[in-house]
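In what follows, chain A forms one complex with chain B and a second complex with chain C.
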Partner chain A sequence: MMYRLPQIPGEWIDRSQPLQLEFEGDAAQGFAGDTVTAVLAASGILRLARSFKYHRPRGIHSFANHDANGLFEIDGVPNQRGDVVAARNGARVRAVNTRGGVARDRASWVEWLAPFLPVGFYYKAFHGSNFASWERRIRSFAGLGSISADAPKLPTPKRYAFCDVLVIGAGPSGMAAALTAADAGARVLLVDENARLGGSGRWSGLPENVFADQLARISAHEHIEVSTTTFAAGYYADHWVALVEPERLTKVRARAVVFATGVIEQPAIFRNNDLPGVLTGSAAQRLLTRFAIAPGRRVCILAANREGYELARALRDHGVTVEAVLDLRASNDQDAAGLAGVTCLTGVEPIEAIAGSQGAVRALRVMTPDTGGASRVRTFPCDAVLMSVGFAPAGQLLLQAGATLHYDTQLGQHIPAKLPKGVFAAGRVAGEYDLNERERGGRAAGAAAAAYARGEPMSASVDHPRAFRQVSHPYPVYPHRKGREFVDLDEDIQVKDLLASVQEGYDSLELMKRFSTLGMGPSQGKHSNIPGANILLRARGKSFADTALTTQRPFYHPVPLKHLAGRGFHLARRSAVHDRHAALGAHWMTVGGWQRPQYYARAAASMADCIAAEVRAVRDHAGLIDVSTLGKIEIFGPDAGAFLDRMYAGRFSDLKVGHTRYGVLLDEAGIVRDDGVVARLGDHHFYFTTTTSGATAVYRDLLLWNARWRMDCAFVNATGHRAAFNFAGPSSRAALQPLTDIDLSEQAFPALGARQGLVAGVPARVVRAGFVSSLGFEIHVPFHAGATVWDALMKSAPTICAFGVEAQRVLRLEKGHPIVGQDTDGLTNPMEAGLGWAVKMDKPFFIGQRSLRIHQQRGARQQLVGFVLDDESVAVAEANLVIDGGEIAGRITSLARSPTLNRTVGFALVAPRLAGVGGVLAIRASDGRQVAARVAPTPFVGAT
Partner chain B sequence: MSAGAWVRVVTARRIGVKGPFATAVLGELGLAVPERANTWSALRGPDRDDAGDIVARLGNTEFFIEEQGEAAGVAALERQLANDIAGAYPVLREDVGLLIGGPRAADALAQVCNVDLAGADIANRTIYMALMIGVSVLALAQRSEAGVVYRIWCDPSFANFLLSELEKITHELPAGSDR
Partner chain C sequence: MKIIRCPLNGPRPLLEFVSAGEVRAVPDADCSDAEWTAYLYTRRSVPAVRREWWCHTPSGYWFVAERDTASDEILKTYDAAALAGSDT
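What follows is the complex of A and B.
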């Protein structure tokens, strides 16, 4: 039975602030500073959880924020890590994998099925047609916790941070590294997963006054920033480390990183090693030194290193009865010194832990050497079994960083063999166990990291003390004929499961993990991967020296999804007249990142009616659409015309000033990728538009190509800096003329003209545009003046109507203008899109020209054609297929009901044999029926 | 406005010029020309660290100018560039300028930008071209009487998005410094 001790120096709790929480109906008493698990332990609650598969009772195991035993639902939020989550007064705590609570779990009968659930059972039993059914049943039965849809949304912002030296782990070596690096002038960020600094130094002999002095120096150091309750979850290229704090994720970019991540204590594998009351030695040390909790009243220690004896001395000093120190080694050297009166045996082999009435341990049965080389079975009554038999390096971040680790047989642990640039390791992860070694290693790593951060070269060698003492037993695995020797407590994996995996051929670590699910639980194998690998290697007659550790993908430690989601930014561009659109009742759509009016709502009118009304307004009078979203690019310089000749399929060097020309942009495969109108505003000055979604990519390509061609021209991307409006319709000229000093007459400003002048008093570039109407003016003005010009145009005549993107699509379709990306696809060349007239193959060079010649030789694969629908009784939609001879022969790319023609028209990409005007297209509608359409000449609408 | 950090819009006139003769044009008008790319200088007069009117050199031959008040320098440059000078081309800069300050200003920016603006090189007057939550920006840090402030410019079509997100963040930040 665990219990709270009288006050001890350095404890983390504030005994002046008692608190109480409720665990499945029982009250548990603690203090401010306690974690949830600590409160339960201090209250003598041993059974904290039920295991994932067999629903066996489980208690504290690592107390290190690793294993599934410490997962709780706290105040309705599942899977909280009780080992580190601070206890709150009044909190309601529940286990996450029970039916009816830990004490009376109705699912505990599952364990009786264990003989019928061998490893790989799911793979073998639930496949084929019944898989979905079984999957649903298993998923509903399994799982850790449940999510409440009503849970409050907690803000979890992400942020970036920067430092010269990032030190991960604030034990003795990490603190020494941080201080040394900071003293050398480096900006240091020191992070630790625990609430306070110190790590295992608190129970490794660090004198209290030295420890306090280090803490004070770190706290006062202007170059050190400390982040506690923070774990490093993943390492990415160039020293980019993801740090997870309780309420946010920080992306740190460091110049150098010191990994002082320590080690993870590994369990001994013997029968019933999962009983409540069987825990690692370091778990007991954490309970003792941080929260003044004794792990039991009468304990047995399974030892295989000096740390086990240090634990025995510490417990005895606090009044705990140490029943025996049972050493797995043949000799304990001088480790047992100072433990007079305590039974210390060597050469011990554990047989089993024996459960008491509530499932917790009540005794440990072992085999001990007897006289004459014989052995005998002895049973030690106890209420806690503490395992101090070895460690594994917390080295996964190092592996992610590109370090290589090798197995040191003397130490019994993997340690770094080669570190990448800017990466340093210190402390127990590097094999340094004794306090002086750890501090010395930390200082060396801190100094080296600070030097590297200053730009000094890094030494290629990894300097470690060579006189290692053995800290890990080579094979603390003791199979029992009745099983229940758990290797992975998260997934209830036993020794026999791993041996069965090997026998079935899954005899590499990667395969065995997947087949057995070893290491796939919440602890991600922190206590099971090394023992599992050990068992595998032993079964294959190999050792760690023969193999390399696997590198886990980030994240090294489970990260709440809310941390990854962050704030959820939704990029949205707004034009200069966004508020005007809103006032007109715009229904919004997102196009290329811009918020655009899809249409403007009208009272008691459907969307279709609104769009039709906007179309009719443009055809009958004049309409205004905001086309600020178009890409708008300027090219200056003597080579501007020649440059455009290279970029575009058409010719622009001969374009006269004050004129425009349609341009189509190809990729190197001769495929249409963008289009727009190019205006020549001066001898050395062109201004052109791109599609809304293509602006950024086109501009980037201009810069890229000119970096190669080195032509004398300069580029300006004015896309966001200019507002643009298309004022279109038969009345547009008359309405616009009073607002501008530009002569808009047909003679002075013919089609394809471009002029500069004032519109509503604002300097403007005006282009004759025919995209939606035969008569139209595209007016480009500085962003700040956009609203002024929009307002003036809207008031220029009583019949002016704003129209949105949907009306524009109908209007341009009526005029027979394809939209790149909608009426073309990733294989459409300009000839197939009906844009061959815009291609000048006689130019010496343009991007895509060579490929286009090949396309021409091969002939068209498809052809864009206009069509009218003969039968409108069947609903046809864009992307419906064109069928010919029972085969797919094309698809509809655009379709709209034309208010002007009062019929449905569209574009389709079809096989060239079907492209003749007057030909019939058989369209398979969405409901499967076939509808006839007739290929028609474009434009569908003529002079309006 | 939070005591931890605040953000406001700066009203000023802005213009850009680029091309091989941009430097000469600025010099002719008596406007400062920063010697190095990615640095800024006071537009005119004493070259103060906290200058409001600035010339930023964005590359070897590209400059960005911001001037508040009468903006005579920007107006003069506009007039000059309207003459179609070979090798000096006008750049329409309708950027929205933001000023972010307060003891936790850097913390606010750390939530939106992957460039270390808290460690911005103020002494060498570095100007940064960075990405803030998907928006391309120019940014610099200056010392002022109110402490370090950050000046940011972005395309006006992104301004509403960036400003509203920064306002949300600054309002959520508690008072006091992050350390």
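What follows is the complex of A and C.
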């Protein structure tokens, strides 16, 4: 552990528990508490990865899980974030984008192709006929990591949480905000992406004893819940925030949110700024304060702010040789105090980092100010270059929340200018850099957020300290004639690539991003968006003051797909007799959210044979189908009949009690949208059905229309209240009569009748139903009694056969009944569907009536007809087209082989000129052959 | 996810609501075909504060929401009785 320092107070590691992991064959030693990257850094392994495009060696960059250098395959699981993933003893770690390992990556020759791979190369080269072959080759080369198809599916739980104040970020301002809000009585959720609280406060002068006291207060506070290793991935409407933990996704609803998200340190852009050993100053601080690891033995610091000098002092205090502090600014004021003996130069411009063995940095070459005499170019030998030249706000969530950020030239950073209701910002994201400012800002935000959460109005303005010191260099970009000044490490984008984008005309942020792929890698531009925008604006003679930052869509940081997949929450409705169906061997299908038996399996019989047997049973004896899935609606009140007259196309106000009438429901355009049977059970009481899939929407529409009409009636959606069975077939009456006190004789209970009585001892509503068979009884009973009644009906005669949805489709087709939505479409009016008889145009008003007048004037555009297929040698299917005069003239909407007739019959929507009975339809089958069908009268099957 | 304040049930998540679009008066039956067609197929999409029909689906309660379609902010919600025939 060549880079591990002696114990540092507050370090995150447990030195009593050593561990070892293997990185591409080399052993690396660390301690419990180390992350994977920390173990590699402590062991002097500098090359962690190869870059995406040129396969250049890469090392630690942010050490904050913000860059994509630290992506590893760990024990076979790809794309693990080594900066934050805890090291496990014995883990096997390797880089994700190499051919043969980081040390001897066989793909590193790609960099020699760089001159031939200009920006936008893919867009220009790979289109047209050669795209497919190139795509295959590039795909085999590109991508990070490989997925094992054998990986087990590990469901990741999702959780919902609620709080008064959500504080994102637990640095000095976030901790202060959480404590202040909680003290004011708010329930606070404090989240931080790091494993421990404290943030950058640990190296920004927060004394250990003060920090320890804050930690103790937070953990003891009954109103504060803390969630570490948790990042806020996206902000959604009304303070709804996605929180991602390693093994859980939490959707939290807050009354107010404090963004104490801090800043992301930005690199200086100079030649070879991507070498292993060139890292941000805050990365060095994380290595040092959290893991007691030296970033190098002899370091150069590129500085443009006070933070760079604080780093120099910290490193020197821990025995690291600081070769030089090289300041990009003309003056360093008093920042260099206490660094006697260290070379501190100002007005420096970096020229290049120089690579040594293993491709890591061995020296930094810079241009110093003209002092008249010695050469201005100086080379400083070093094994690490630490960049402390500026910061960008971690403000993407703020932008998602609707905040506007403006650029403060004094500070050199974007800060919030206008915050939406319930949104507060504190700390460095708001431009507050010095420790007391950060804590004061946090307390103010916490108090304001708690007040807002209590319902107190929010003050409109954002109050910021106005006396900023400059912490970010306005333009730390140093192009080199030989290039390799990387702006985006994910995508290997250099300064010249962005300038080329501008020259090609892609000169707005959004266009440049897409053309150059700037910020489109796994780190989503956390280190490249601001420098890239800066370069673009400078090239166009503009500045940040003229430009709004773009808002990235969620997620702010990559979220593992397993978090999003999680468990499914697909609801399936089951009828009261679901287990009876299962016991009978039901094959299930999903209809309108319900599970319904498609057919019942029979030993050694095909699906078609099973369905045919069910059809024959109904025609010959009696069958029973579960129709509990039908929408069932009750309407009560003096205006109930008048309401139905307005709602449905037919007339119901004159329906006699104890009778039913078919009803067709239109939309305002006069299109058939649903149908059902309406029964009048009392003067002020109707009970009616809708289609299975239409139930929810129809009920909702009834309520909407009566919210407008305000008629004196009320509605109950009884769909889930009642089980319903259609007991159909010639022997149904005889089988049912012994089970009921209702007189089922034709005289007492004729077709279109509705009765109430007992069936199998259960109060039931029974209506005569002719949908599948001339004689049939639809029996509606309370849900809880469904199984009792089903069992009684099934045992009522030895020949009773349960039938499923497929048999029902055949049976109703034989009887000539269309199904709304199958035999009609979004343009079919009732006349075209053959349902004109159910429309009463002489009523004063009904929905769709005004449109039907126009339809009647214009005439039908299509007509639903029955047909029989004479030639059965060609396989015809539903949706096959009807051809007339070389043009499409219709299509088949229903088709079935009728077991009763022993021939194939169907419905087709055809041009009216083809609708005459006896006419011939030319059907083009799926295989392209043409076959003739004859238009036939319906019903196909008469009174059985 | 957005929160909508249902006049009957209080603040509830958007998931529990459906909208039926702007509150609009149905033209008289004796209007011209062109007027009727415009009613059926034309909607106002210019951003403005609009009165819209919203339904809290678990309770089946329709109400009126005034929503700024530019900012997606719901300014107020109230029972449809307040429309009192003016827009139905």
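Please note the rule applied: the second predicted complex is superposed on the first by the 937 of 944 C-alpha atoms of A that agree within 3 Å, B and C clash if a C-alpha of one lies under 4 Å from a C-alpha of the other, contacts with A are read in each partner's own complex, and residues count from 1 in each chain.
Going forward, a contact is a pair of C-beta atoms (placed from the backbone, for glycine too) under 8 Å apart; a residue touches a chain by one contact, two chains touch by 3 or more.
If you're wondering where the values come from, they're calculated on a predicted model, not measured in any experiment.
J.: Just checking: does A:Gly637 make contact with chain B only, chain C only, both, or neither of them? Give me first, second, both or neither.
T.: first
J.: Please work out whether A:Arg850 is in contact with chain B alone, chain C alone, both, or neither, and reply first, second, both or neither.
T.: After superposition on chain A, A:Arg850 lies in contact with chain C alone.
J.: May I ask you to decide whether A:Gly682 touches chain B, chain C, both, or neither, giving the answer as first, second, both or neither?
T.: In the superposition, A:Gly682 touches chain B alone.
J.: Output check: A:Tyr160 vs chain B and chain C. Expected answer is one of first, second, both, neither. What do you get?
T.: A:Tyr160 sits against chain B, while chain C stays out of touch.
J.: Can A:Pro782 be said to touch chain B (first), chain C (second), both, or neither?
T.: A:Pro782 sits against chain B, while chain C stays out of touch.
J.: Determine, under the contact definition given at the top, whether A:His721 touches first (chain B), second (chain C), both, or neither.
T.: A:His721: touches chain B, not chain C.
J.: Please name the chain, chain B or chain C, that touches the greater number of residues in chain A.
T.: B
J.: May I ask you to decide whether A:His578 touches chain B, chain C, both, or neither, giving the answer as first, second, both or neither?
T.: After superposition on chain A, A:His578 lies in contact with chain B alone.
J.: Taking the superposition on A as described, I'd like to know which of chain B and chain C A:Leu703 touches: first, second, both or neither.
T.: The second partner, chain C, only.
J.: Please write out, lowest number first, the residues of chain A touched by both chain B and chain C across the two complexes.
T.: Chain A residues touching both partners: 253.
J.: Help me check something: in the complex, which residues belonging to chain B touch chain A?
T.: For chain B paired with chain A, touching residues are 16, 18-19, 61, 84, 86-87, 89, 91-95, 107, 110-111, 113-114, 116, 118-119, 133-135, 155-158, 160-161, 165, 169, 172, 179.
J.: Which bits of chain A are touching chain C when the two form their complex?
T.: Residues 236-238, 240, 253, 668-669, 699-700, 703-704, 707-710, 715, 717, 845, 849-851, 854 of chain A touch chain C in their complex.
J.: Across the complex, what residues on chain C touch chain A?
T.: Those residues of chain C that touch chain A are 1-3, 14, 18, 20, 27, 29, 31, 33, 36-37, 40, 53, 55, 57, 60-63, 72, 80-81, 83, 85, 88.
J.: Give the list of chain A residues in touch with chain B in this complex.
T.: 155, 157-162, 187, 225, 251, 253, 567, 569, 571-576, 578, 594, 628, 634, 636-638, 682, 684-685, 714, 716, 718-722, 782-784
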